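Beneath this line is the structure, given in structure tokens, with notes to follow.
By written order: A, B and C. Residues from 1 in each chain.
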Amino acid sequence: MGGDRITKGLLFSSSLVLLLLSAGMIFTLASGAIPAFREFGGRFIFSSAWDPTPGKEQYGALAFIAGTMLTSLLALIICIPMAFSASLFVSEYYKGTRIASVLRSLVDLLAGVPSIVYGFWGFYTLRPLIMKTGLSDQGFGIFTASLILAIMIVPYATSLSSEIISMVSTEMKEAAYSLGATRREVIFNVVIPSAMSGIVASFILALGRALGETMAVTMLIGNANIIPKGLFSPGNTMASVIANQFGEADGLKMSALIAIGLILFAITALVNALGKVIIKRFA
Amino acid sequence: MGNILADNINRRSKRNKRFKGLIISGSIITVIPIFLIVINLIIKGVRQINLSFFTETSPDTFQAMTATANGEVIPGGIANGLVGSLIMVLLASALAIPTGLMTGVYLYENKKKRYASVIRSLTDVLQGVPSIILGIIAYIWIVKGVTRGYSALAGSIALAIMMLPIIVRSTEETLSMIPVQIREASFALGVPYYKMMIKVLIPCSFSGLATGILLSLSRILGETAPLMLTSLGSPGINLNIAKPSSAVPLLIWDFYNDPNMVSMVWSASLFLMIFVLSLNILSRSISKNRKYI
Amino acid sequence: MKKVLILLVASLVLISCNNSGSSKTVKNKNVNLTAAGATFPLPFYNLAFKKYAEATGVSVNYGGIGSGGGIKSLRDKVVDFGATDAFLSDEELVSMSAPVVHVPTCIGGVVLAYNLPGVTGLKLTPEVIEGIFLGEITKWNDSKIAAINKGLTLPDMKITVVYRSDGSGTTYIFSDYMTKAGKSWAAKIGTGKSLNWPVGIAAKGNPGVAGTISQSAGTIGYIGYEFAVAQKIPAAYIANSSGNFIEPSLGSLTAAAATDIPADTRIMLTNSPNPQAYPITSFTWIILYREQAYDNHSLANAEAAVKAIKWLTGPDAQAIATSVNYAPLPQKAVEQASKALEEVTFNGTKVLR
């Protein structure tokens, strides 16, 4: 059918947009990053030196790579039980009821809070709270940043998961119930396996959000350009250092920041690929 | 024999109840932060919100200083930010929603192809790009390249790129959940491809698609970093997309950096949140009024 | 759905109509200028340009994206002029494709703000400040601090230093002063917009540092003068080059500029020789190309830009600056600024006639 071919062609070209966009972005970032790599070579990725003092500039990305990985993974770990509970609540236990829509709206609200507001709230409210628990001197640090990240990414994980979970076919579930399974057993043996792909996709979405989050993290992480020594010590992430330093940066420093952006691109790709491998192993 | 069965059932039923309790407590913990944040925003911000908040442009530091010194409400509002945000979000949506939906459908229809998994991976990676990098990219492509100056167009492009991956992935995943029989029944009846998409696939997955679009809108409404490098900001209302424009998150950033206007930060944030909530409620009621799923 | 869209468009139209009538909006008559740069003078510029637009109809759109952003924007020729807290270095001047004119517009001060319950009127010398920021002096009741604050009871508290996490002109001004006035600062920390600090915690932006200091007792950090005033945070009296302990104030800030200013106005006012001057002070500049006929830059824009900048250094704008706690330019600086603006040409002909 001619019409079908046109439709298929249209769909294909929209996918091209994405391809061209990513290629263009990588190209632009790479050209900006070349001066830094030319100056520091491969050492850039593995060095944790960061001295912006004019005259003796030394840049290395390791401290930020460590900070980003730590905060994002920790945020995901904290987020998983929360998102799981919320999506099961909304799409299984109380599906279709008033309280489920209330909960869903509340979680969606979390997505609507601007990241800068999370930064402010974290700075003015969360930080003193953490200081009170005595775990950290000034409240800045990896843990605080991960906590705020976790709260920020919960709606991404929950929204999509609950949609997927609610779409699991009722016949399959009823078949399991008719065999005498308890609700929990139906969830673990029917719902989750069939929704697995969507659930993992939602967590990857959430992780992606965490990897790139800038404003909220930068207000709470303490901005110490070193590899964090412990859970409650300050550190810095790739997105945060770019946001902080970009306004005033120029020349070699600017190139170093763009190079960090490129590395973040690569790390996100790696983490995603790893996630897919994990799915394949469990599916 | 009977005892083992009874024990088994007992054990399973206890586990069942415990699990339910776990889920409920987990859900409660999940929503505690939103209460804390909203209460905080309301307490600090509700004072500033009145009609002029929506119709007047942002105040200057002197007005703010005198008002705070006198204990009054700071005059002015966020009208320039509102209009700017609206224009940029509409433009970004016009660019991102059709492209995202179509790409999502393409990925769903061509699951097995190698090319499709490349696109899928690229989408996931795009999702993780920090918004400031997108701002840098839009600065280089549009501000330097196209409009030769800061512009709302550059801001819209940065926002559109941010929306794209969320829409693509949620579309694909939602479509995957539709029972394949529905699609096949439609083909069996000889329905042309595009009609099947519009009349069958999309209505069936409407709720999920709306969720994805809503999520992407919520994401971009609050973004500051990319807009600083693209639309810059503006003291007045600007309808020309080739010129700089204000936006609500930009105003929030300006208020934060001004020593006298910190209280406006909370009111503007409160407004933003209420707006997103209304968007959510709106989309849910639309989904509910549809006849199928 | 359609109803919502109609409602949105209607409100858009309503708001724009409402605002074109009121005198509060910026009128879109003839020329619209775009400028970007330092966040330090942002409140002053926004207020000044607003008044300028009401009076002349020329609107200036200023974005506070940072001094570096201002320099980049000017280099990329996407703004009519830029603004920076630190004048362009010789290398930076070379990197701009054409000669650039610096025009100072007002004077800002960096204060050492502190949070010590029950203590006001703290005095500090450059040696003590250096000791604190290098981590050599760690307690508030250290003998070195007590020696210069004989009338005060200093608590036995740990000192927590707060510095800027983001690149900033405030950091540049502070470190420039300390390099001049301190002994080992130049070697151990140096001068720059972003530095490696040996001790302390980082906070983002002036509000971040101010907020951290307000919230935690025992902290000390450097913030812009207008922040200390607006948020009522105590600021230390600093011993200047003549040995006088000077309180930061509009008067003592302007006094720092009562010195010889080079023709291109590129001078750091820190550690001023004036005995009444507050030592941690600096101009903030507007930068524009000397030859305004570049790319698609129009004569109308060039004229409007130069006139606006000239107005900014004039008495009306300077009075506005004072009203919001920015120190005005002394007469000599105003004259230098005018001379600098007279150099600006369009296709060789002077813009200001």
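Convention: contacts are C-beta pairs under 8 Å (C-beta built on N, C-alpha and C of every residue); 3 or more make two chains touch, one makes a residue touch a chain.
Bear in mind that the values here come from a model prediction, so they are computed numbers and not experimental data.
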Touch-based graph of the chains, sorted into line, ring, star, complete or other: complete
By count of C-beta pairs in contact, the leading pair of chains: A-B
Centroid distance [mean C-alpha coordinates] between chain B and chain A, Å: 15
Distance between the centres, which are taken as Cα means, of chain C and chain A, whole angstrom: 36
Residues of chain C whose C-beta touches two or more other chains: 65, 69
Chain A, residues touching no fewer than two other chains: 124, 243, 246
Overlap residues in chain B, where contacts from two or more other chains coincide: 256
Footprint of chain A on chain C - complex, ascending: 65-69, 71-72, 92, 95, 160, 165-169, 189-196, 201-204, 208, 211-212, 215-216
Partner chain B, residues of chain C touching it in the complex: 1, 4, 8, 12, 15-16, 18-19, 22, 24-26, 28, 32, 34, 36, 39, 42-44, 46-47, 49-50, 53, 59, 61-65, 69, 73, 76-79, 205-207, 210, 224, 226-227, 229-231, 295-296, 320, 323-324
Complex contact set, residues of chain A against chain C: 50-55, 123-124, 127-128, 131, 138, 140, 218-219, 222-225, 234, 243-251, 253
Partner chain A, residues of chain B touching it in the complex: 12-13, 15-16, 19-20, 22-27, 29-31, 33-34, 36-38, 40-41, 98-99, 102-103, 105-107, 109, 115-116, 118-119, 121-133, 136-137, 140-141, 161, 164-166, 168-170, 173-174, 176-179, 192-194, 197, 207-208, 211-212, 214-215, 218-219, 221-225, 249, 252-253, 256, 265, 269, 272-273, 275-277, 279-281, 284, 293
In the complex, chain B residues that touch chain C: 54-57, 60-62, 65, 76, 79, 82-83, 86, 143-144, 148-150, 228-229, 232-237, 239, 243-244, 254, 256-260, 262, 282, 286
